[in-house]
């Protein structure tokens, strides 16, 4: 095997998968079926896990394998399963009309992507693996936030939070050679994991109390 | 300019003057006035075409000198003209159109016999031709402005020619006001240039921008962009255009859309490329952005129209946008130091200028012929005209294909050049701004496709299917002169489309003058049959080759017919009506219906408003009458101009206090102003 | 978006189109009596029991003539079979019913006890339509039973498309009309116009008792007693409604794609 | 001028013969995925041959435009096919135009198709024309942007040159710009060839039609040319997609006979793979409402923009 070529292939694969994560994010933005959104999130996490594996392989960074395995278990299997169960329990399958329609949100996300690339531009020379992974990570973060703002159902907002976290993890993995400590990564991971579980319970409660998941109804709580 | 061209040019100008005077003299005898006025205009046009074409082809335009047309008695003003390459190119456009339009007018003006003053029409038409030619040739800022104003004035008179309609009067006033706001900017711009050079001669302005302080230079750019932009009808300064062009007589509409708005393009080219020196990047970016927006919005609003002439007028905005895209890209390339690419983009823009002049004039002439035959501009009352006016239909169809930028006609060639320059532009810079090029390209594609949709509607609803009204059923073919005028322009469309390489040679002196490059050699390969991008292997296209190949492939279906369909017969039968009692014209698709999907998709822009009223006896499903009304909001009027107008009116109301009506008060104003000026001078 | 379950499911199920005509035809229900066989020779003299019970006047027995059963009018209620004292009318259970000529549907006389099955189109038309036949359906006042059974042919079990036979939206694309219903006065113009709209050469297929002879509506002033009154019919498929298998059999026979036995050629 | 008459002739034949087969294969596979037996892949040949031999009925309101349109549609589709490299580069008519000419000629065909739909004064035809032109218009920016992405990388609008420039190591084809642009063009392909979820090629209901509605008045040989032209257009677009994005095995200039053979096989294999993708999309999706189609096409536009952004970073 010719090492330089293979590193190049690695970079190519990582960039491609990162780009696919972005595509999945866009699909999430256009998607209104909750179950499909959950599966899309699972696919995105799977891509993240794969990226982590590739990075670990090319850098001989064993701790990144840990990240990969945790992502696989937690975000590809456990969380989607949990959310799936939640959807079945609360019996709501479709998101109501988001604030902005699909084409407009798409174009906004195109703009956010541009912003992500711009912000990441000064750092691109730092990276060795995956030229624009950092840019994509930033974009995931930004579009994730946008998704949270644009949606009304608590559940999609949770999903959006998770994609933001995927973005953070992607950045962490992409910059792994510069020594983001494993502890930090794990910290973020479990933080979000717990947050989602709490939110899951909360969603159920909101649904119980208001017969709806629409978070804009929470303003009824004030006296 | 050599002796030959100069002599012919003098003839041309003389013919316009003679036509103007002659038509006025004989206005009592309208037939004579018609023949003299438009006949001399035709002669002037022919002389102009030969003069300008030969000046460009022989390269005489590059060595021409300025000469004084007639001596001036006013200080600071020189009536000098200079037929340089840029002037000659635009002169060629107007002369070409003068020929076709004047011939057409010989027939069209007959429609006014007995109730309108044909002599005045012919005289004003000649005046407009003369003034516009002088605008292109003027070599002196004040002379330019005088010609510019005569042009605006005669155009105003022509727009208001059918002044018995209120719509016409309103449009005329709107045109006049907008035009003067533009002129005011031009005057300021020229004053700034004068300040820098100390002279009003255009020769002293050459590359002046390089010696000007940045602020002043940018001010000049903005003033001219605004001033010429009003005339060119770029968004958002376009609102007069769709009002004024349709109400004018059709030959005048053709001249206005074909040439008059191009004076704006001429002015921008002259100022930005000749006077201003190396441009900063944001100039090009601004022009490219405005061009892109104008192109897309122009065609979108055109789609919403069912007044045939208004539809064509909105397409002028679109095409001005496409031309500006070329100019903007050229400015950006000049900034980044790619003169060859700048020349390519400039050629693309200017090639589109002449193409648009030709096909838009052709389409307006077609619309005029239809108006002549059906007495309506409303497409919903047309239909089936292809059987009643077959020759006009062929000309209009060719114009429609050309304006939709479909191969192999001329619109495709200039848009191909624009795409090529945008594509090559991506590599000229590494900054983010280069994304502008492909995105503008995508918007150009959107524009082209929407234009095609619009002209499917324009041609399909107007000419095809069943007549929708009695007028359309009674329509008749236009007289010979009107057809000849259209025929000339149709031939020009085909020529410019199939033989671009021949025509591109005429651009050599022009680009030599403005960017110091000659591209025609690089742009054509294979003996001029194939057009190629400037970059090596950038891509080639041959409209002639494609046409010939289409003809070569024609035997394929014919042989198939011969093999299989020898014995098959053809029967004419009623259109399939699902077994009902026959189709009536009411059941046809309407122009409004045709554009409904677009209206729905872009509803954020159009804010469509729909009102349906039914009258029924026992159930709404069995209505006896239905009244349907649908509007789109004219965004620019309601969002920009109306608030602006309101502000101006309010300010005026305040100022009314000054207008006391007493002579003393007015004298005091003058006196105080004088005092202030004196104090200021101290 | 999520397609794998759909795809897997589809792939697992495989081809569900019936084997017929390569294989055996699908089993018919018990109630399906199939074609009738009429042996006028068995009739008792003067007996007209069947004539009396027939609801659509499909059976006639003029004095001194053998009984005649017009399958075109028959709605296959089998009352005659039950009534006949000598067993002259019997059910054969055969699904093959389509014929090319109207006369062929009248059974009874010697030599005409059984249906003469439809012959294929002549060589020229067969070469034209044999592998590609587009039909326009005209429901000329039908009750939707024949239409429903025709529709069944489009389901995955029958898959008419595999023979190159297809229903199309426009008569301009069609090679023939498939007419159901008795052709009421209201549909008369529509039927004529549709017929005129089809480019020649063209076929007409009348499906069901109504389209062949007016069915239960026969003789009513508001119906035309079948398509034959207005357009030349090339194939008659009797039944009320005919079983999809009967229709398929008729179509394939017309195109010359079935042997006498019912297997594919 | 390097026009080889032999190459021209062969590619013309290939286009004429392969296009109906491809349509037939797609129909057959679609039927298979619906658990049917389906018409044989060569069914479309039978259909076309039959339409060619049948008589024609033409509307009394129609003009010469109606009769002119089928020839324009058929010939422009055929001509664009000669500018796209199928089994070898350069394509026979590379010199006469690149991707811009291909898009332009297809638009010319569509222009006349839409006029042909309006001509017989039928409401359905007008509706079809209106929808076809709308869908085409909103698909166009995504199409052009995706094409710009590859054209910029190759520095040319000549399709043969674009294909040659993407040839190389297979893994290089996996760069995001490429993949995203491909995805965008795939969506455009679905829209342009009138496939689900934008249009339903098998619909019988006039009100849901787009492409079919314009053809409702056509019969006999005109219909044959329209259908054949549409299938050639489909073949051309699919060829463009596979040979621009996956020019694996594509024979270059002066290749040996063996290379041509391999190229042909590779071409067919890629074509079948792309058809399979189309079939899967068509089987597993429902047709969108007309006013949902812009959502899909705006997604294509965003994908193309992302592709462009990726090239922006790479170079």
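Miscellaneous remarks
In this document, chain identifiers A, B, C and D correspond to the written order of the chains, with residue numbering beginning at 1 in each.
Following the convention adopted for this analysis, a residue touches a chain if its C-beta (ideal position, glycine included) is under 8 Å from a C-beta of that chain, and two chains touch if they have at least 3 such contacts.
These figures come from a predicted structure and were not determined experimentally.
The innermost chain, defined by the distance from its C-alpha mean to the mean of all protein C-alpha atoms, is D.
The greatest centre-to-centre gap from chain D, using C-alpha centroids, is found for C. The distance from the centre of chain B to the centre of chain C, each centre being the mean of the chain's C-alpha atoms, comes to 66 Å.
With centres set at the average Cα position, the gap from chain C to chain D is 41 Å. Distance between chain A and chain B, defined via averaged C-alpha coordinates, is recorded as 51 Å.
Averaged Cα coordinates give chain B a centre that lies 35 Å from the centre of chain D. Touching of two or more other chains is recorded for residues 170, 172, 196-197, 199-200 of chain C.
Annotation for chain B: residues 432, 435, 569, 571, 573-574, 576-577 touch two or more other chains. Of all residues in chain A, those touching 2 or more other chains are 114, listed in ascending order. Contact residues on chain B toward chain C in their complex (touch as defined above): 569, 571, 573-574, 576-581. Per the touch definition, chain C reaches chain B in the complex via residues 138, 170-172, 187, 189-191, 193-194, 196-197, 199-200.
Listing the residues of chain B that touch chain D in their complex gives 383-384, 386-387, 397, 401, 404-407, 412, 416, 419-420, 423, 426-427, 432, 434-435, 438-439, 441-446, 448-450, 452-453, 455-457, 459-461, 463-466, 526, 529-530, 533, 535, 537-542, 545-546, 549-550, 553-554, 556-557, 560-561, 563-565, 567-577, 583, 585, 587-589, 593-598, 600-601.
Listed in rising order, the residues of chain D touching chain B in the complex are 1, 12, 16, 49, 52-65, 70-71, 74-76, 78-79, 82, 93-101, 103-105, 107-108, 110-111, 114-115, 118-123, 125-127, 129-131, 133-134, 136-145, 148-149, 151-152, 155-158, 161, 216-217, 220-221, 225, 290-291, 294, 301, 304-305, 308-309, 312. Of all residues in chain D, only 31-40, 43, 46-47, 49-50, 53-57, 203-206, 209, 212, 215-220, 223, 280, 283-284 touch chain C in the complex they form.
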